[in-house]
Amino acid sequence: MRSKPKEIEHTSKVRVRFVETDPLGIVWHGNYIQYFEDGRENFGRHHGISYLDQKEYGFATPIIESKTKHKRPLKYGDVATIKTIFVDSSAAKMIFRYEIYNQENELVCTGETVQVFVDNIGQGELWLTPPDFFTDWKKKVGLLDE
Amino acid sequence: MRSKPKEIEHTSKVRVRFVETDPLGIVWHGNYIQYFEDGRENFGRHHGISYLDQKEYGFATPIIESKTKHKRPLKYGDVATIKTIFVDSSAAKMIFRYEIYNQENELVCTGETVQVFVDNIGQGELWLTPPDFFTDWKKKVGLLDE
Amino acid sequence: MRSKPKEIEHTSKVRVRFVETDPLGIVWHGNYIQYFEDGRENFGRHHGISYLDQKEYGFATPIIESKTKHKRPLKYGDVATIKTIFVDSSAAKMIFRYEIYNQENELVCTGETVQVFVDNIGQGELWLTPPDFFTDWKKKVGLLDE
Amino acid sequence: MRSKPKEIEHTSKVRVRFVETDPLGIVWHGNYIQYFEDGRENFGRHHGISYLDQKEYGFATPIIESKTKHKRPLKYGDVATIKTIFVDSSAAKMIFRYEIYNQENELVCTGETVQVFVDNIGQGELWLTPPDFFTDWKKKVGLLDE
């Protein structure tokens, strides 16, 4: 019997914008939160769980927690690689880990975000159990048995 | 008989944020659009015509045109002065001019924005004549006779 | 005798980021300045006149003027097309025009920026005549005779 | 004998900007990193340890780690209170904690950042022991004995 995967990942690229760099000539640390979102949305478009997919099901998934660790700087002109990893959990949460690499394939930054489910597009109630669309999605991508 | 003013102005301050400066050590040019909005909203709160005031009347005022001229740079640590000037016009438009000064009172930047009136908070129709709340506001601030 | 072109253009794409949209659900007007820069730098990388190319020659080209006209909104999920057009001029200036289109190929926004040449990467002097590297570039791309 | 404080705090205000809010009508989560920097720099200007103070001593202090927990949203029009707390440590690090409150004095967000010391303004070496200017600063504010 094959064991189910606990993680699914997706890799995408981001080109550092001039406006994202600071007087030290490197990407301002807060912009990595943006890169995580770029990676997460690229993951979401690829795997059918993006912001717009969620919205269609009547949900928003606000971020309740984020962490970032910086190892190396990125500078203007760099094209970074974002590895976005969905971390499976039985909670009513979406957990993603991120790894960002520079063009020499050196680790630049790691991070994690945690999202919860709120119905009625942000005006509504926090869900304490996973909504059906999320359980269905997990089955579709092989994280849960059908 | 006293002639009506054609312009009303309001002055506010903005402190340059680190994130707003670029590798050249100066404020990235696009951030002046943000400073104009800071000035316009400070004007709006002072004179009762801010984004939230407009929203209460059921209107949004998207920007259809903006211009910026840069004379001098601002750098991190600077506290700039924004002069925001409402330019009266009979059209269904809000026109603002902006002058930004550094701490030596030298002109850093000038600009202009043009806004139109859309009802139903951005989902709705463009108004070709000034909405009542705007005409009433002009009377209140002395740009139109009661 | 063939007449020289007066304009060179380059077309690139930009995907609207969630963070770039506002409470009205559309791209905040100031972010178009960023899209213009995306287009200009994509042009620059393609034609060898990007920020990093200029820096190699010891120059920076700060923007002294920008204009934007908004025709239609862009919303989250849109992938816009940026047409960036270099407008030839004998002055010591770089002039670009921009046209941004949505996925239905409707015109969303037009704009223009004007840049000047400053040596020593922004610490230096304004050049009143075009620097050699710029004249050489114009020859290379066919805007000037060799 | 009086025990030394282990923490020093500073409180400042930030007004939510329109551009900082997203299609859900609330502050985009990544902007809290900016609010932390606002709080940290306000702390730094008050206590003489800001970015520009550090630069004068030849140091930059890049952020190597940050954490954010979101409890409640902020929306356009809110004026939030940022409590910035310097957490003393014997390591060659600057550690700050942050608490952000809304106008009803409800906790909106907490966070933490860790910075290290690099000489020659970002081009240089990581310091493994606290630089003199930092030790002197700790004495001045009462965190270390003279």
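Side notes on the structure shown:
Order as written gives the chain letters A, B, C and D; numbering starts at 1 within each chain.
As a working rule, a contact is a pair of C-beta atoms (placed from the backbone, for glycine too) under 8 Å apart; a residue touches a chain by one contact, two chains touch by 3 or more.
The model shown is predicted, which means the values in this text are computed figures rather than measured ones.
Of the two chain pairs examined here, A-C and A-D, it is A-D that is joined by more C-beta pairs in contact. In this structure chain A contacts its sequence twin chain B using mostly the same residue numbers, the overlap exceeding half. Each chain's centre was taken as the mean of its CA atoms, and the one lying most distant from chain C is D.
As a whole-number value, the distance joining the C-alpha centres of chain A and chain B reads 36 Å.
Note: centroid distance chain A to chain C, computed from Cα atoms, is 31 Å. Here the spacing of chain A and chain D, counted between their Cα centres, is 26 Å.
With touch defined as above, residues shared between interfaces to two or more other chains in chain A number as follows: 18-19, 24-25, 30, 34, 37, 76. Against chain B, the residues of chain A that register as touching in their complex are 18-19, 21-25, 28, 30, 76. Those residues of chain B lying in contact with chain D across their complex are 17-19, 34, 37-38, 41, 51-52, 76-77. Of all residues in chain C, those touching chain B in their complex are 24-26, 29-30, 33-34, 37, 60, 62-71, 73, 121-122.
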